[in-house]
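The letters A, B, C and D name the chains in turn, as written, and every chain counts its residues from 1.
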């Protein structure tokens, strides 16, 4: 509906408190530039993210969802991100099949020292989301 | 009682066109992959070829799956509520089966007695039921055990009897009589037609083979209310899904919930089912958390409790609950095998 | 097969090896069967095995307490293994009476094939690779594939994967994957938008009776997320958005447990093609993690395990 | 036949629609315990403020728009017309939302519903009130009514219990009643704490110790279902007949008017035929249906 120039995508991000949230923090403190389209929810671990959160975010109208955690092997709880990886993988593939554009569901590994990577990831995703357009998936037909 | 008019099946389209003046006509439809009563498209009458009964009962037309009760919005001076604009159209349900028409009479009582339910009653008001007798009942039908029958015209305004190429028209109520009187182009019935109708009625009555014995059923249920072993045994295979209650033409339980975003929204009511544990769940306690209690509630509500208030069993024998049940849980088997006190 | 089943069931009850037998008996309507749960050895003669034993009886395992002898087809046996993997059922408490399955007849397909509803059929019998349908005294023969459930058509494991008793010779897979996943293939050929619109239309019809969930042996949560109110993830109002959200999440939750038994789609009174979701999830799981549900009772459940390197291409 | 006199209440329907709430404004909030608050509120509509009447024991459905609706007893006395009260324990989605409200906030209100206490049943008799936890809120309006017309009644016993001293509601009322010599007020807790010097014990046990005389007496019971279930046998043991035992019940409700189906005990609906019942009415459905 609203595909005017001023439209900006809204990206919801679940960041693990040990790596990615710290990475996002570092991106900020080291004054790395990245789009302001992101809203971050801090989670204890990427393994905390139930696929339900992702679907709910899309239903609430977010244009994209990013789950970000520690690199494999670096999880503060040893294995949380491995479980997250399986869950995110099936969620992404399954929602794609249902008709959700693949760009809307994103995942990344960002360590606490990778402020630069965090800024890059967000910039890339926002760019992709701009190409896909607004999330009208759950909108009622008017 | 017996009508004097008839119509050739070819001309049903014309008839419905005439009746569309003044009514919104609903006919059996399978357009949306499941059979239900849908707004007539103005052309198609092929339902006469396949229609036996719909999966979704016509209660939906008066008590829909979900409906907005009112909307609300928050403004500076507080909350404001607004009732939805009531659709003023009068519904004509064409081809309703006698069992489903009787079911509506049961819903009428439930929604009218005591406090009146404005939503149901406003839809029901001035609606017209054109019944179509069942020449070919299903093997899951047991209407004859509940005082009904495939040609029971008690609860319709007009009854149609399929005698082959033609439909005989019996006017039942004044509203029905008026509508038929206003309808031009109907043919006169012959003695042969009447004889044929009699034959059709008799043969289809005999086709309803499923039976329950309703004699003293209230007493019997009352006697076994505390028989936990019995209820546990008969409820084991039930899955606690809502199919039987949702498809039941006489089930009227509902839930009320709000749907809102930011400062505005609406309150909806939607079907609910006594089969769900959450239906009676309170924060600290659930009086019907166990499955056997829920199964007992469904059976007893229809056959014991509702009759106390309204003198009629809240089951019409349409058989949907048996036919659509994923585990073939058959209420007639339960009712025919109630324990008698040793 | 039926005689052997009854003997076995009787012996199990007599020897006190099980408290219950869960099997099938003749249903109350034509051609139907219905679950039979018995304690008394005198009831074993009610047990039947025929091409209409549709239910996946393992759904009762999480509810009925005690040692249970259970009749299981190929897919059902895998559901049982899956429940064992999830610690919902202990292997010692079940005696699996395996039925080598050669496909279950879908009465809806029979109805469409002959253009008559089931009440009107005099008989439907299986004769080898054929199904013989008698209508109005007239015999009609069709290849069996025409009337089997979609999930039976592509079934890789028709013989139970785990059993204590097998009632007959192992059967070979019915390899008809093309027909089995015809709708999925059709959907895959569409654009995202078209697919989403398709599902939107289907779930507009959903009445939220929860039969899909309750009939599913993999859905064993004591309290389902749809019933949560703080926070309320899914609205109880059956709007298509929430219906779809419920079903998508349910499918993700049962990923790696779903054995493609097809019960969700069979139970749905609104004819929503639920298996086209479940089957696709099954394929995704197989493709990504080479995992198939219910094949190894010692294996950890899909979502509680991992490999050091996998699915990395999906992550930045 | 259904026996509800709707006619009297119709004038309180908003726009003639029984499901449409009126707006009420919260004017005061009293924190009874850590999880229970009493809301004082009045109608936004002036006409209703003057005309609205109810009977002790009746309830109403309160809503917060966007969150839903739930039934609560009107716990103020019908004779005090300046405001209404209801007490709410925080247990779920709606009650959590109510507890977040402040003075001046609006709620939806529809009612009154239910039968209320029939005062002629009590007059001239000894009355024993047995209440547990927040169950007292449903009896409070009746107790006050009885106290205000003390001469019409015989001996009055009030046995009130809560899980712990911190769970005792309406402490200001309890104090007043303790000091009222025309009443026998007994307070008990399931578990005491270091400061508790009063009685310890479950309500049914305390009731058994107090052993009120059944002759010419009525017992009124309200509390959590478990307490109610254990109290009836004690009363029976003491010689009370089922008709002498009155209770007011709580069930999950949606409509409040006997339509939505879930609050039934047999053919009786708590919202329509209750919430006040005699034990004689419901004892046939003893197996856990209430």
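Keep in mind that, in the parts below, contacts are C-beta pairs under 8 Å (C-beta built on N, C-alpha and C of every residue); 3 or more make two chains touch, one makes a residue touch a chain.
Note that this is a predicted model, so its numbers are computed, not measured.
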item	value
Pair of chains whose C-beta contact count is the highest in the structure	B-D
Interchain centroid distance [CA atoms averaged], chain C/chain D, Å	49
Chain B and chain D: spacing of chain centres that average the CA atoms, whole Å	38
Shared interface positions of chain C, touching two or more other chains	none
Contacts with 2+ other chains: residues of chain A	none
Shared-contact residues (touching 2 or more other chains) in chain B	255, 257
Pairwise touch network: line, ring, star, complete, or other	other
Contacting residues of chain C [partner chain A, same complex]	187-188, 192-199, 225, 233, 241, 244-245, 248-249, 251-253, 255, 277, 280-281, 284-285, 288-289, 302-306, 308-312, 314-316
In the complex with chain D, residue positions of chain C that touch it	229-230, 232
For the chain D and chain B complex, residues of the former touching the latter	1-2, 4, 6, 14-21, 23, 25, 44, 63, 65-69, 91-92, 106, 108, 224-226, 250-252, 254-255, 257-264, 266-267, 272, 284-290
Parts of chain C lying in touch with chain B, wherever the complex brings them together	27-30, 32-37, 55, 59-60, 64, 117, 119, 205, 207-211, 213-215, 227, 235-239, 263, 266-267, 269-271
Chain D - residues contacting chain C, complex	92-93, 96
